[in-house]
Amino acid sequence: MKRLRIGIVGGTGYTGVELLRLLARHPQAELAAITSRKEVGTPVADMFPSLRGQVDLAFTTPDDAPLHTCDIVFFATPHGVAMAQARRLLDAGVRLIDLAADFRLQNLTEFTQWYGMEHACPDLLQEAVYGLPELHREAIAKARIVANPGCYPTTVQLGFAPLLRTPGLVEATHLMANCASGVSGAGRKAEIGLLFSEASDNFKAYGVKGHRHGPEINEQLRRIAGAPPGSSAVDCLFVPHLTPMIRGMHATLSARLTPAGQALDLQALYASFYAKEPFVDVLPPGSAPETRSVRGANTLRLAVHKPRPDMAVILVVQDNLTKGASGQAVQNMNVMFGLPENMGLDGLAVLP
Amino acid sequence: MKRLRIGIVGGTGYTGVELLRLLARHPQAELAAITSRKEVGTPVADMFPSLRGQVDLAFTTPDDAPLHTCDIVFFATPHGVAMAQARRLLDAGVRLIDLAADFRLQNLTEFTQWYGMEHACPDLLQEAVYGLPELHREAIAKARIVANPGCYPTTVQLGFAPLLRTPGLVEATHLMANCASGVSGAGRKAEIGLLFSEASDNFKAYGVKGHRHGPEINEQLRRIAGAPPGSSAVDCLFVPHLTPMIRGMHATLSARLTPAGQALDLQALYASFYAKEPFVDVLPPGSAPETRSVRGANTLRLAVHKPRPDMAVILVVQDNLTKGASGQAVQNMNVMFGLPENMGLDGLAVLP
Amino acid sequence: MKRLRIGIVGGTGYTGVELLRLLARHPQAELAAITSRKEVGTPVADMFPSLRGQVDLAFTTPDDAPLHTCDIVFFATPHGVAMAQARRLLDAGVRLIDLAADFRLQNLTEFTQWYGMEHACPDLLQEAVYGLPELHREAIAKARIVANPGCYPTTVQLGFAPLLRTPGLVEATHLMANCASGVSGAGRKAEIGLLFSEASDNFKAYGVKGHRHGPEINEQLRRIAGAPPGSSAVDCLFVPHLTPMIRGMHATLSARLTPAGQALDLQALYASFYAKEPFVDVLPPGSAPETRSVRGANTLRLAVHKPRPDMAVILVVQDNLTKGASGQAVQNMNVMFGLPENMGLDGLAVLP
Amino acid sequence: MKRLRIGIVGGTGYTGVELLRLLARHPQAELAAITSRKEVGTPVADMFPSLRGQVDLAFTTPDDAPLHTCDIVFFATPHGVAMAQARRLLDAGVRLIDLAADFRLQNLTEFTQWYGMEHACPDLLQEAVYGLPELHREAIAKARIVANPGCYPTTVQLGFAPLLRTPGLVEATHLMANCASGVSGAGRKAEIGLLFSEASDNFKAYGVKGHRHGPEINEQLRRIAGAPPGSSAVDCLFVPHLTPMIRGMHATLSARLTPAGQALDLQALYASFYAKEPFVDVLPPGSAPETRSVRGANTLRLAVHKPRPDMAVILVVQDNLTKGASGQAVQNMNVMFGLPENMGLDGLAVLP
C-alpha cells in the first residue's frame, strides 16, 4: 500500500510535537510538510530535541508547503486557522483533521461567544464529523473533515456515554464533571500562569464561570442521550482544575441514579459498552485509574463506582496529548483511511 | 506571662515537624519535651535539618519525658496512642490536643469500623471538644481534650458551614465534596504509593469505596445543620484525590440550591459568616483560590460560585499541614489558654 | 525607634513578592510605596494572593510614589533601572539596595559586555558596596548604595571564602562550581523555557558558554583571595544547571588542594570562619545539605568534604529568593540601619 | 526467525517494568516467564497498570518458572541474586543479562567492600562481559553473561571515552563527574528519603563519601584509557546528586586539557568517535542536552564544551531506566542474538 502523504499545519505546539512523535513511527505515514509562519526554516528537531535523528523536516510557510498534494492535513493550530484554509484543501482532494475547535461546536452562536470570531464556513461545519471514534466510527470513516475533540470532552463523553445511551438511568439534568488536567493541556504558550514557578506545587480550579469545553461537552452529551440540541434535559456542570503534572487528565464524573439506574449492574453496562474498543479499558470493580498508567499511550481507562445506592461515580483518565489530542487524531486518520485502528498507536504507557 | 510548657508525643511525622516550626517561634511557647520510641536520643534537628540551630530538643521516650509537668501536650501520633495516655495526663492537670483521630468520631461503631480498634475511653471521648475554632470556639476555650480535625473535614466543613447553618438552602441529602490533597497529607510513611516516582506527575482518586474522613465529615456536617446524628437528611459524597504537590488541599464542593437558596446572595452569606474570622478569607466573586496562596500559612481561602441558578460551587484551599493540622492545633492552644488566636501563626504564605 | 519607611521599585517579580513577605512581618519596617509601571492601581494582593489581608498597598508609578521620603528603597527591577534613578534618590538622602546587577560588577567593560548597556553612573558604582554581609559587614553599615549579590555568587563565594582567605591552600586557578538552581531564579518572566511543561521533570545545564554571574563570581573571588582584579591567579569555572524545583540553589564546589591545604583540617577552618554568623550553618562532617532545609529561610548551609586527599568538595545550599536575593537584601538593610541582623528574618524553613 | 524465549527474574522494580514495556513491543521477543517470590500469582498488569491488556503474565516463583527453557534470562533483581542462579542457567544453555552489580566489578575486593557479600562465582565473573555495546560490541555478541552497566557508569564512560581513548589529551588523574539522577534511579523501594514529600522540590548531593558506582566508573575508565587496573593514572571524582524528576540522568564531566588536548578539535573527535552509533547523539557545538529529550528513549545525547582553553566540559544525558538500564539490556540482547541493534528500541522520547 502506498504510504499516506501527511501535512501538519502549525506544528510548534505540544499537539504538534506529539503528532510528530506518533507519525514518525507510523508504518503508513510519510511526513510531507510541516508549517509554521514564525519558524520558517527551523528544523523541527531544533525546536524539539526529542526528534533529533528521527524527523528531518524543517518548518515551512503554509504558502510554500505542498499541502494540496497530501492525502491528509492535520491542523495543530490556534482556533480559526483551519476554517480559513479548509475549503482550498478540500477542493484539492485533501482530507482534514482539525485539532482546534473550528469544527467542534455545531451551535454557531456558542462558537462565536466562546471563540470570539464568526465562523468562516458554516456549510463545512455542518459537514464536519465529530472525531470520537468510539461513538462515531462510521461517519469518521467517510468524513472529509474531522473535528478532533478537546481533551476534556473526550474524557467526559466516554465516561458518561454508557449511562446516557440507555434513557432514564440518571438524572441527566444535573451531571457533574470534576476534571483535573496536566499543564500541557493549556498549550505551549508563554504565559505567566503556566510557568513552573506558578503551576508547580499548586492546585486550583479555573474557568469556573465558564470554559470553552463546557458547551462542547453539553452539545455532545445531548447527542449521546438523544436529546435535542440545547435541551436542558441533559446538562453537565463542568469544573476544570489545573494539577501540577505535564500530561494527563482525570475526570471524576457523578450522577444521581434513577430507580432504573439503581437496579442496573453498572460495571456490566460499561464492560459491555466498551467490550470491543481497543483504546478504552474498563477497570475491575473498586479500581481508581491513575493518569500515569496512560502516559504517552492512546488509552483511556475508567472505573465505575456506586458509592451510595443512588449515585454513580465514574473515574476516567487519559493522556491529554495522546487520546486527548494527537493520538486520537492519528486514530481518526486510521479510521478514515481504512487502516487498522491501532496502527502507530500501540506504544505502551511510560511508567514510572 | 509565664510561657506554656509544651509536650509533643510522637514528633517524627510531618505534623510533628510542622508543630515544631510553628512553636519554635511562638512567643508564649516553651518546648519541654518531644517523644519518639524509635528515635530516642536523636536530636530533632538531625531528623529535620530545617530545625538546625532553632530547636535543641532530642527525642525521648514517653516514659522519661516530663509530660505530666506540661500545660499542654500535643499528640502527633498514629491513631490509638492518645486515648491510651490521655487519662493519666488529664489527671495530672495537663490539657491535650490530639492531631490523630482518637477523639474525633463520636459514633463508637464508626470509630471501630474505620480505625480497627475499640475506643479505650468512651467517657473522655464524650468530653472531648471538636477543635474547629471557627465553629466551636467557646467550647474549645474550656476543653481539657481537643480533637483536632482532619485536613479534609476542616476544608469541607468550613466550606459548607454557611450553607448548612441556615436550614433549607440546599439539598443536603446530596452534597458533593471533590477534594485533592498534597502527598504530605498521607504522612511520613515508607510506602510504595507515596514514593516520588509513583506520586509525581500523576493524579488519581483514592478511597472511593470509603475513606476515614467520610464519617467524620458527615457527623460534623449534621451537627452544623442541626440534624440528628446519623440522619440521612445531611449526606455528603466525599471523593478524595492525590495530587502531585507536597502541601495543600483543595475542595470543590457542590450542592443543589433550593428555591430559598437560589434567592439568596451567597457571596454576602459567606462574607458575613466569616467576617470576623482571622484565618478564613472569602475571596471576591469570580475567584479561584490556589493552594500555593496558603503554603505554610494558617489561612483557609474560599470562593463562592453559582455556575447555574440552582447549583452552588464552593472552592476551598488550605495547607493540610498548617490549617489542616498543626497550625489549627496551635490555634486551638491559643484559644484554650486565652492567647490571641493568631499568636505564632502570622507567618505569610511562601509564594512562589 | 521610628520605623523605617521603605520603598520598593518594581515589585511584580519574585524578589518583589519575597521582599513583601519578609517586610510585612519586619517589626521596624513600614511599607511606604511599591511601584510598577505596568500594574499601576493593582493591589499587590491581587497579583500575589498570598499577601491578601497582609499587605494593603497598590502599585503606583515611580513618578507618583513618595520614594524620596523613604529611608531606604529596594530596586527589584530589571537591570538598568536602579542606576538611572539612583542619583536623584541619593540626593534626597535615601539609601539604596539594588537587587539587580547595576552595582555588582566593578569592571565596566564586563558590565557592558554582559548586560548590554553602558553604565549610567560609574562614580556611584565605585561608591557602591557589595552586599554580602558575611564578608563586607562594616562597609555595608555605612553604605549609601548596596549591590545585593546574585544568587549564584552568594552561594559560590560563601562556599569558597574560607579556602581562599588563607593564601596557598588550593589551586585557585582551576576552581570549579557546579550549581543547580530552582526555576524561580530565572524570574517571573513569560518565557517558553520556564513553562511547567518544559522545566518540570527535566534537568539541564545552561549558560555553559558564559553566564552573567561568572564574571561577578570571579571578580569577588579574587577580592576574597587578595588577588588583583582580572588576575588569572583565581579563576572559577562556573556551570549553572536548571533543576525542577521552585526555590533553592545547590552548589558543588571543588578545588585541588595544595600540600598546605591537604595538611589543614578543613572542617575546623570552616567552623571557625563562620562561627559567629547567624545565617551560615556549617554542617557536621559527612553531611550533604538539602535545598529544602532552607526553603523560605535566610540560611545558607554547607558541608565540607575531602573525598580524596588532594581534593576539597564543598556542598552549599540556600534559597535563591531568600538568602540568594530578598532575605539578603533585608539582612543588608538591618546592617545599614543598625538593627539586629536577623530582625524579620527568623522564620524557619518550611519542610516538608 | 523463531522468537527469543525470554525470562525475567525479579520483575517488580522499575527496571522490571521498563523491560516489560520494551519487550512487549519487541518483534522477536516472547515473554516466557517473570518471577517474584513476594508476588507469586499476581498478574504483572495488576502491579503496573500501564501494562494492562498488553502483558498477560503473572509472577511465578523462580522455582516453577521455565527459566531453563529460555534463550535469555534478565536479572532485574537485588545484588547477589544473579550470581547465585547463574551457573545452573548457563549449564542449561541459557544466556544471561544481569541488570544488578554481580558481574560488573572485576575487582573482588571492591565488590565485597561495596556490596557487602563475597562473590559466589569468581570464574563466571571473569567470563562476564561488561555490557556497554558502544565500547564492547564484539565481546557482547559472543557473551554468555553480560553485566549491564549501572546508569551513572554508562553516562560517565560514554562521556569520557573519546577523550580517554587517545592517550595524553587530559589530566586523567583528576577527572570530575558531577551527576544528577532522577529518583527512579534509586529503585522502587519503600524508603523515607524517596518519598514524594522528601524528594520533591529538593536537590541534594549524596554518597559524597563514596558511592557504589565510583569503583565501577574508575575500573572501566582505566580500561578505556588502557591503564592497568587500580592505576592512579586515571581517577575520576564522582559526585552524584538527586534531582526531583522521575527519570533522567545528567552528567557534567570536566577535565583539564593537556597541550595536546587543547590543540585538538574536540567536537570533531566526539562526532567521529560516535559517528556510527545508533544510540549516541553528539549535539552541535554550544548545545546543552536536556534529560527530557531522551525520556523513555534509548538515546544518550552529549555536548562538548571548551569553556576555557585548558578545560573540557562534556554534558551528557540519558534516561536512567532506558539507556541507563533496561533499554541497554535489550540493546545487549539484540547484539547477543544478532538482531538489528535498535530492534524494539526505536520509540521516540516522550516530550513534553
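Lettered A, B, C and D in written order, each chain numbered from 1.
Rule of thumb we're sticking to: a residue touches a chain if its C-beta (ideal position, glycine included) is under 8 Å from a C-beta of that chain, and two chains touch if they have at least 3 such contacts.
All values derive from a computational prediction rather than experimental measurement.
Path length between chain A and chain C in the touching-chain graph (shortest route): 1. The contact pattern of A-C recurs in B-D, the pair among C-D, B-D or A-D where over half of the contact pairs coincide by residue number. Of all chains, C has its CA centroid at the greatest distance from the CA centroid of chain A.
Homomeric contact chain A/chain B: same residue numbering on both sides for over half of the interface positions. The mean-CA centres of chain A and chain B are about 39 angstrom from one another, to the nearest whole unit.
Per-chain Cα centroids separate chain B from chain C by 37 Å. Separating the centre of chain B from that of chain D, both taken as means of CA atoms, is a distance of 46 Å. Each of the following residues of chain D touches two or more other chains: 14, 182, 184, 188, 197-198, 200-201, 244-247, 289-290, 292, 295, 352. Those residues of chain C that touch chain B in the shared complex are 14, 17, 21, 24-25, 48-54, 184, 188, 200-201, 246-247, 281, 283, 289-290, 292-297, 299, 301, 321, 346-352. On the chain D side of its complex with chain B, the touching residues are 14, 182-184, 188-192, 194-201, 244-246. Against chain B, the residues of chain A that register as touching in their complex are 174, 176, 178, 180, 182, 197-198, 200-206, 208-210, 235, 237, 239, 241, 243-248, 250, 252, 254, 256, 286, 288-292, 295, 303, 305, 307-308, 311, 313, 315, 317, 352.
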